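Two complexes come next, and they have one chain in common, chain A, joined by chain B in the first and chain C in the second.
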Partner chain A sequence: MSAPATAPVDGPTDKTGDKTGGETGGETGDKTAGKTARKRYGVRGLLPVTPVVVFLLALFVVPLVRVFALSLHPVDANGYPLDGYSFVQYRRVFTESFFSEALWHSLGTALLVTVLCVLLGFPAAYALSRARQGVVRTLLFVAVVSPLLTSVVVRSYGWVVLFSANGAVNRVLVGLGLLDQPARLLTSYFVVVVSVVHVMLPFAILPLTTALGGIDDNLRRASRSLGAGPVRTFWKVTVPLSLPGIAVGATVVFPLAMGIYITPLLVGGANQPLAGLRVYSQITSVFDYPVAAALSLTLLVLTLLGVSALGTGFRFWERRLHG
Partner chain B sequence: MADTSRAPRSPRALRRAGRVAAWLPAAAVFVFLLAPLAVLALSSLNSTSSLSFPPSGLSLRWYGEVLSSQDWLVSFRLSGVLVLLVVLTTVTIGTLAGYGLVRGDFPGRGVLSGLALAPLMVPEIIIALGLLYYFQGLGLVNTLPGLWLAHSLVALPFVIRTVMVSAQALDPTLERAAATLGAGRARTFLTVTLPLLRPGILAGAVFAAVTSLGEVAVSALVSGSNTTTVPVRIFSAVQFQLDPSVAAVSTLLMLASVLVLVAVDRFTNFSEVL
Partner chain C sequence: MTSDPEAAGEAPATPAPATPHIEIENLAAGYEGQRVLDVDRLSIRRGEFLSILGPSGCGKTTLLNSLAGFVTPTGGRITLDGVDLTDVPTHRRGLGLVFQNYALFPHMTVADNVAYGLRVRRVERAERDERVTESLRLVGLEQYAGRRPKQLSGGQQQRVAVARALATRPAVLLLDEPLSNLDAKLRREMRVELRELQQRLGITMVFVTHDQEEAMSLSDRIAVMNGGRVEQLGSPTEVYRTPATRFVAEFIGAANILEGAGAADGTLVVGGVRLDSGLASLRDGAPVTLAVRPERVVLAPGGAPDPAAFPAGSAARGSGIVGYRAFTGEAWQAQIVVAEGVALNARTAQEPPAVGASVSFGWGPDDVIRLGDDAGDDAGDDAGDNAGDDAGDDAGDDAGDDRSSLRKPAA
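Presenting the complex of A and B:
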């Protein structure tokens, strides 16, 4: 909080200094002219950033701090926040299995989704990076970007239609004689994971495509000419060199998957034991804001820990590969 | 795959088989990506009120139903207004910030870059709760300004990031040349810097537009009965009713996003800045 807060303090003062001081500059204490110029440029550099800093302080930092304050409120029997501070909400989050199991379930699901996104994203990104300029490449690119451009509700709804009682999947399963009658597929964990992976996949494919496209083809050729087969070249050259892309993809997908609640809600129903959904139901149907705040902040801490663990893991892996 | 590994110098036929085997998973993934979208578009053409797939008969009646429904039209108008407001806001402040963060030389630049992209790292439900609680105090729940600010917050990091990518590729000597040739700071920025940042700005505008057009996670909490955007109306409709009119709206929303992309792609190579 304190570090970003210094910025807008610098910003406005710089702005007024710029208006009144103009070209003469205000830094009288500096000895050399060069130093003055550099310093002036430096402070002035903050000007363009100021609006965003003010915006984010007002709409991102302050609300988060207020959520933190809210999570420390005790509540009365009706869930109405009382004065004073306590850790009772956090104790509830950690001791009531309704919340704690949802946290673990979210963590496990987010990891599973991240792994699946990297595994599924790799061949797609590989195809995209190897496709020559032209119609095929454009079509593949549209296939990756169009889900990204489509609202999460729309994509989730597509899966609802596919897996609903008279949807295509049930028809095929019944038609093949694998099922006697349409099954209730929609509330299953499998369908939740499938739809969440679908929502997240483009976020993994795009950085992977960039990383794979940046690999010098001569490296693969060199590997082949030195006697390595295509599979060995793939594992020993292509995969290690695409590691930065895998790392970016994983660190983008994981936090998004940790907090997702729209897709599981639409596809799996409100009873899916995911932390994001629990927060949502606490807000919208129980109106217990303090416990929702405590649960969501615990989820945030868990997310940030997971992201930094992923980052450390990838750095370690990369260092081991490069000796 | 295992076969090719055991015989590295395999004959051409086997190598071709290996290549096909390597492309098959990719094809499957592309089908997976497009399947639910295609299914929606097709079931919106159903002539009956069931959402069966494949459709039991083709008609455009659900589109007619949607376009004559007052509720949906109000939502379409609201979403349209929001897209314009959000794109204008985020592109203006996001371009300045993205450029300033790459070019500026000031203390705390790293911290500010982190702050600028931080909303991407925070699970959406937390942003939603934070804004809901905050807006309740300010009387902004269920208002247009509230949605405008919320959408701008969610869209802003995308704009900053794409502009930063373009700013990193920008050659500073061009700006210096403009300055040497007598252009002032403002003129240099407007006539040299901005045109060079165009790909990043346009990509950011696309992201901001489609983010606002599709935002539900935060909107579901801060919007209300007077401010139901199209995706929020879909969100509640999917939970309580299943008829092809929602599929028709979804298809229209997809078309809107594609139109935004195509329009912008005419001006810039979109894939460059992703």
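Presenting the complex of A and C:
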């Protein structure tokens, strides 16, 4: 791998590039290559990334710092921020079960969604990677990315219609005699997970498709020629070699699922005990901005910890496979 | 699997040439309605090194993939030691395979790659380790067992691929252009190694290649393919000395093709020019196709040939003008323009006359290969390079062609 080729990916501000590079490629010497490239191009090499840096500083870093500042303010009885600094909001986040349990619930849900997305996304990605160019492949692709092309409101109300008391799902269940009367599916955790998985699936499927498509067909043929049947070939060749795709998919889905709140709000209602929804309700109905700020930052830190744990896990697995 | 457990050891298994081993009958295969393979009959003997040689698109890889089970034939059958393989899936055929791009599992060490087929067969650990070491020793790579494929050179990777395929002791090893990704020097070395290995193990090898030199130097027999058919099956000397068809003559050894009308006195009219064919007589007025190897063409300066300029056994056959000449290292290459659209290639040790000079050419009577009077269906194509491109069309409309796949030369 030549140094100039890695330079844009390994740029100093490109966080995701750095992260995924380490997790997926597993290429040794990636970092040193980046360093020499930076040295060679000097200040001029940074010019192309300047707009991105300015954009991130103005619209991401500055607000984040202000949210952090806000989270350090105590509030009066009406929730108005007072002067002075304290960690009282963080103490509330960790001690009041209304907040702390929401954090754990979010973490558990995000992990569940991540696992489901990888498991459900794998067969879809496999089909997509094997489909020949043409109508079928295009239709499959459109079906896969359709959740991203639909507005969140339309998508969520689709689920509402499907899962409501006289919706299709309940009618089928009652009609088959599996239920005596329509179940309350709409506000259930089940529907929340289903709808979140639906939105997140493309983020798992697309990198998996790339990874699966990149596996040399001759490797599967070699495996079969050596006596391994299709099942063994799948587990010993296809799955291990798709690991980079699984890693990318999981590290994209997990943080997105940690922060999601509109979809659960629309299908599950405002009482879903998710951290994102708690932040939302603190801002829109309680008007306690400092505790909302503290909760969001805690959620952010938890997400980052989760992502780095996932990354470490995948890197370890990758290293065991690829030496 | 029928291979003797000791086969990978020291004792070379003596090939029994007469035993039918793999029989291919009426095999047809095609993709999306296009027939790319149409082999009447091909039998591969136990312990032989058989090359399948042909230009790209001739169906040789499809034939190999049919043997391996990756391509489902649309008709015909393949039997291995009398067992019909047609409906047996790849993983139950027990054949070894070596790919052009090595196809080593990148997520496994060299040893694990070689052990893969043994693990599948649940060979117990002690024996597995022993056989891995033994297979790696065969290819001289036992010290690389712990490496990853990407840490090895191309030649080493291909050796590992051979070791991996041999570890399960298959009766037959199929090799799909295994040397094509290697550089010229390494390719020559690997050729020798592969042949030695084959002889030592007595294993049947089916070797697909587009490189005629490779096929000539390695094989017991060569099946020359074109347009999905086997044009000729024979030993390297047979296909070289007595090519069955114009295609074989041109593809192997790039023979000069002389196509014209014969005369009873042995002369041939090509492009309006009368040449002495070197043969005693030809059917008067009938279309004739002859082939002469470039290295058999002798040149003498001047348009009026001096008989003394030609070595014993050969004689002047005609004259022309040097159109092109080049020194290729071991010989000179010259193109002699005989008439409009008629040119002869010659390879000579002596420097040919300069471009534009008159030259006379000759050959001995034994140097002329008669390709038969009806083998001229490619008339108009003057270069051998075109033969491959035409292959696809030929396969389609030559269904009733009398050019049967194993026909002997007319001479």
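Operating definition for what follows: the second predicted complex is superposed on the first by the 275 of 323 C-alpha atoms of A that agree within 3 Å, B and C clash if a C-alpha of one lies under 4 Å from a C-alpha of the other, contacts with A are read in each partner's own complex, and residues count from 1 in each chain.
Definition applied: a contact is a pair of C-beta atoms (placed from the backbone, for glycine too) under 8 Å apart; a residue touches a chain by one contact, two chains touch by 3 or more.
If you're wondering where the values come from, they're calculated on a predicted model, not measured in any experiment.
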item: Partner chain in contact with A:225 - chain B first, chain C second, else both or neither; value: second
item: Partner chain in contact with A:48 - chain B first, chain C second, else both or neither; value: first
item: Which superposed partner A:290 touches (first chain B, second chain C, both, neither); value: neither
item: Touched partner set for A:264, first chain B, second chain C, both or neither; value: neither
item: Partner contacting more residues of chain A (chain B vs chain C); value: B
item: Chain B versus chain C as contact partner of A:273, first or second or both or neither; value: neither
item: Chain B versus chain C as contact partner of A:121, first or second or both or neither; value: first
item: Partner chain(s) touched by A:322 [first = chain B, second = chain C, both, neither]; value: second
item: Which superposed partner A:216 touches (first chain B, second chain C, both, neither); value: second
item: Intersection of chain A interface sets (partners chain B, chain C); value: 227-230, 232
item: Residue numbers on chain A that touch chain B, as the complex places them; value: 3-4, 6-7, 10, 38, 41-43, 45-49, 51-53, 55-56, 59-64, 66-67, 70, 120-121, 123-124, 126-127, 140-141, 143-162, 164, 166-168, 171, 195, 198, 201-202, 206, 210, 227-232, 252, 255-256, 258-262, 265-266, 276, 279-280, 283-284, 289, 292-293, 296-297, 299-300, 303-304, 307
item: Footprint of chain C on chain A - complex, ascending; value: 216, 218-219, 221-230, 232, 236-237, 240-241, 321-323
item: Partner chain A, residues of chain B touching it in the complex; value: 1, 4-5, 7-8, 15, 18, 22-23, 25-27, 29-30, 32-37, 39-40, 43, 50-54, 92-94, 96-97, 99-101, 103-108, 111-112, 115-116, 118-134, 149-150, 152-153, 156, 160, 206, 210, 213-217, 220-221, 231, 234-235, 238-239, 242, 246-247, 250, 253-254, 257-258, 260-261, 270-271, 274
item: Chain C to chain A touching residues, read off their complex; value: 68-70, 89-97, 99, 101, 103-107, 109, 116-117, 120-121, 148, 161, 164-165, 168
